[in-house]
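Chains: A, B, C and D, in written order; residue numbering restarts at 1 for each.
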């Protein structure tokens, strides 16, 4: 048992950190550091910089563009990406549909789709949730019927993140209504340019446009765009979701926010003393740091339990990471609210491309994103399987209740 | 001790409830908020007709002789509907300055106009760097003959963009953070040298940053002692905190009802999600938090009339702490129990959550007031 | 609406306070103030002092020794008893079986039992909980069978508080096993001297002996000792439990403990400064005081909803009082743990009569009761209907879920 | 980074687990605790035979060359069984003073005896008024020729009633709360002038108050620099906190298992109470708290070897905070989920809860360490 990072791991972290420092365009870094969002162009630009280095899908099999890094190194890499205020890779392609295709897809699907994910030529979005199927995802009603040698899909998806940019969407649809709900679902790859697809934006409480409703009205898709076997889609979805959860602690994001909190709390924003001189605030901050340090170790324990080369399998400990990770992301946004104080009040929405409007800011120039971030971050204990669902998973899979 | 409303108070509540039901559905609220003013002048007139705008003022001053309980009833009802009209700035803050500090002629000049819905006020007390410190004032007022000349920048002035008159807190003497040496000045919003930048707030209301450059104010527009406004301001803010506690309880009550209704109707796994015990118990804890908040709302309302300034300050801080903590818990958990729908702009809950969040930040958040309370001698001493 | 106490209520509080100050024996007051327990003799002595004044059962009907005080005055009275470190009246008699008897009992039962409760000539205990019937009280298995014109009771009761002193026990027993479980239960009055009754002490984690197991082995009781109607015992039990809950906020107890905390925290126990000078401790204390002040108001709201003379009926708001009241009792014991610090460690049990042992205390002379009180007070969120049961009551009866 | 145990470590764990299973059932523990010593000398011999008592000491000193990981494994196993024997006082505290501060001849004189189970130590550092301040020492040591003479009263000395040798912290120079001017002295428990008052502790262990009146100590019984023991003590206490974190994780793990088992078997309303979602989710939150604590136990274990004193102190304080908070939550909620049975002396859970509570109070509780941590520059800086 040696709980410190090896010399090799330490130098790897340094290599990644300096690569991000030297290659991430300053405009993008500053935008994300200030709490605003990366535009589509920002994400494409950065993904291509990584792809040129061979780092855009590090967790994939080497033959499809992966790096063969150890699980520890992969987590160091993600940590540094998040800490460095670089855009994270578009998970819908790299962490969701990509692994599903290279694990369950046909050779033709692999050759067609994977290379276009590596350099973000294809923007993917996720067609899982429906108005009537949230926590009860398997209760989805979108249907796919055979027609000729293809399929026709009808239904409605919702909470579809960044669908407004998407070239493709992966869709769970019911292909057999006569069996147990988990056993009649298939996994489809759908071109967003197909006739019959409509995207309607959902405005969120922070004033942003991140999620959408996607309507599928008699959308015809060719036979080859079903993944794996018919009616086995639920297995692929569970595989996908368990991948999603293991990365969902987002320790690097919370670390970056803590660094930001310390920077902003040291400014003489109000009165005689900076917030950082308030003992109560310091104790709240320290308490969050303790939990985050513990979570970082917990994540390492979970990750290092994966033997290199081994196929990732669902691990109920990832529910522990999801619960604590989301709570800490939220706790850090609350600390930022403590720092910004009364000047959280003015509403100064950012543009969809994450740029500022022209008029000068009201109050401190860093204040405008803080309340929206606090409101928006409430979602992290809801999506990706709500924390209530995670607790039930822990009770069942870890405690056997 | 008696928790019953008087007949007049019950009638006030009933009328108000009816008006809110008829005119303040969530869709109407969106429409009012989309106007240039950011609220409905028509509703403002209705409030005048119902006697709401004159409620807390003495009859001798042209008011209706109501008190803190009436304000509580009005603000709680307004909270449930997320009312946009500037009742707090005009009646509680501006009007409070008049009630606690103004001379008879000043009261005569303004109170009947307020009660009639013809005059809207804004209180410009805060500044860019003052944070939660009421007395951190850099804006200066210097004497020029019998008149005063104001210079400086005020910030976060609630409805400061639409008020006809501003009541400006400025320093006439003393150091930047001293309680003494402060004056309150009535400034016509259209006066030369007054520049206003209005903007929407996170919770869909309006506020303004206001610049004062060589603004002349006549002697008779000074409220009370030009060096003694600190105590007046303190008292007015205590009233405002009590009023905000009542508004917050209204908001929380609405959030609780919407959430309970959602738990009963939203189905997952073939059953209403309200049948899941973990969610039932969460909702029960929210109920406890709400009832505790309601109790402190009443306590704060009662204690605004307390003569002992120390006891009054403790009670108001205690109420702000309880409201802030209950509001955070209820706002966050109501969102959680809803799931994604609560994150959407079209749905009312998110707006209730945002209003609760901004109420906590007004006049010192829960941590600030807990700190103030902890530096005193205890609530039960 | 007038939320301040009337002049009459204020002078009443003063009258009660000075009566307690002038009539409570100093030895008893000091014992309770130090966190130790009243002995049987202490409780009898104090009850008789109150009875002589006509105050030992103030909430009873005047004809049976009550005072006719308003609900507000009754709560002021209880508040002052608790604040004054006087023993509380033995609830099993005055608040449980007493009200059941004067509400549902026969005239003969009233005349026989009530006067002996007024001056604590009869010490009552409660025979409700069983090893298999805790939260599910109606699942009790103790049986009562007719025999001749009397009854024979068999079964086991547990968590029976102070049964070691009891003259009488009121017992819920099943008299009809063929019907729905709530509908086959009757309410009996049983002489503890009856043959077949055995009491076994249960030692609690704080080292004390407060609760017992009571075994009933073919205990014969006369026909006249059933209360009200056969098989209606569950109604009487619910009536009794709702009375219990309304008093269970125990605001006065928490107030008295807060006063004690302020007194002890001001002492120079450790290091240079008293605990009271620690800002973090002051804020924790203030936060508890805020919640307690709110609870006091909540209790007043619940109490004043009872119209004078009206029969008390179950009010689900009493579940709010139970939850918050128990949480605050526990919070105050945690603050005491903060005050006592490392010298909580020595274990110096008190004698059953609440007196000290002879050897001098280890550490501060006030330290020995604090950890045991912290451990023992965990029970208050368990008994009287666990807080989980209370939450379910709120969800059902207040929210309609 | 590697979380796997070495073969030796795995074997140590297996042997220990077997011994605990065979000899340390809860009923046996009651019997050991009922003896005059308050623990089992027989088990102490068994620990010696298993090599536990020499584990952390260098082979050159007569130990087995183990490290912090071995101590962690041992303490965690001891925690699960609520072991009574004085491992912490003898091996971690007393032994730690020898490892970090003693001279070769001193180590030679004592370490093999400890490893053989023939010598038990106690560390007498605290006093009646010192609270959580390690350096608040009034007990004095004055030079008398080459020897030293100790006077004063030490308190809360863990197993101080049964140790053969005491290691006493005394002031040789400087003011009452200074870190410098402190010495550590090895005192024979039977030496003239040593008076011990032993007593049971809340968690069923033993401690003592010790009076020192004119106790003579030879020069060769002084550990290191008679004015420089502060740094040694600090280091020893950091090791002890890491060890207590491991013990606490063992206790919490046991509490979780007992509670989970109870939820599966206890029936109310005709079903196992573990089928109630509210209780399932509570247990899930306890699991999260336990895993977070386990992670910080490992972090503290790793960081006891950190060279940078500031980073080491932050890590140890952080671990004590996390352990204290997880322990309070798990101890209280395990009790709540059980109901009345958890309040009884015969049942193990209450004793686990009491041990967790006392571990939090040892060497600074969670609030104290949070304060210390908050006064530093952050865990991620």
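Keep this in mind: a residue touches a chain if its C-beta (ideal position, glycine included) is under 8 Å from a C-beta of that chain, and two chains touch if they have at least 3 such contacts.
On a predicted model such as this, the values are computed, not experimentally measured, just so you know.
> Which listed pair, C-D, A-D or A-B, reproduces B-C with over half its contact pairs identical?
The B-C interface is reproduced by A-D.
> Go through A-B and A-C and name the pair with more C-beta contacts between its chains.
Comparing A-B with A-C, the pair joined by more C-beta contacts is A-B.
> Could you state the distance in Å from the CA-based centre of subunit B to that of subunit D?
Measuring from centre to centre gives 54 Å for this pair.
> Where the centres are mean C-alpha positions, what is the separation of subunit C from subunit D, in Å?
Here the centre of subunit D sits 39 Å away from the centre of subunit C.
> If you average the CA atoms of subunit A and of subunit C, how far apart do the two points sit, in angstrom?
Measuring from centre to centre gives 53 Å for this pair.
> What are the residues of subunit C that contact at least two other chains?
Correct list: 279-280, 283, 388, 391.
> Residues of subunit B touching 2+ other chains?
276-278, 280-281, 371
> Under the touch definition given earlier, write down the residues of subunit B that touch subunit A in their complex.
Within the complex, subunit B contacts subunit A at residues 126, 128-133, 136, 155-156, 177, 197, 199-202, 204, 207, 209, 267-270, 273, 276, 278-279, 332, 335-336, 339-340, 342-346, 350-351, 353-354, 357-358, 361-362, 365, 367, 371.
> Where on subunit B does subunit D make contact in their complex?
For subunit B paired with subunit D, touching residues are 276-278, 280-281.
> Name, in rising order, each residue of subunit C that touches subunit A in their complex.
It comes out as residues 279-280, 283.
> Per the contact definition, I'd like the list of subunit A residues that touch subunit B in the complex.
Touch list, subunit A to subunit B: 129, 132, 134-136, 139, 158-159, 202-205, 207, 269-272, 280-281, 337-338, 341-348, 362-363, 371-372, 374-376, 378-379, 381-383, 386-388, 391.
> How about subunit A: which of its residues touch subunit D in the complex?
Those in contact with subunit D are residues 1-6, 9, 72, 255, 258-259, 262, 279, 282-283, 285-287, 289-298, 300-301, 304-305, 317, 319-320, 323-324, 388, 390-392, 394-396, 398-401.
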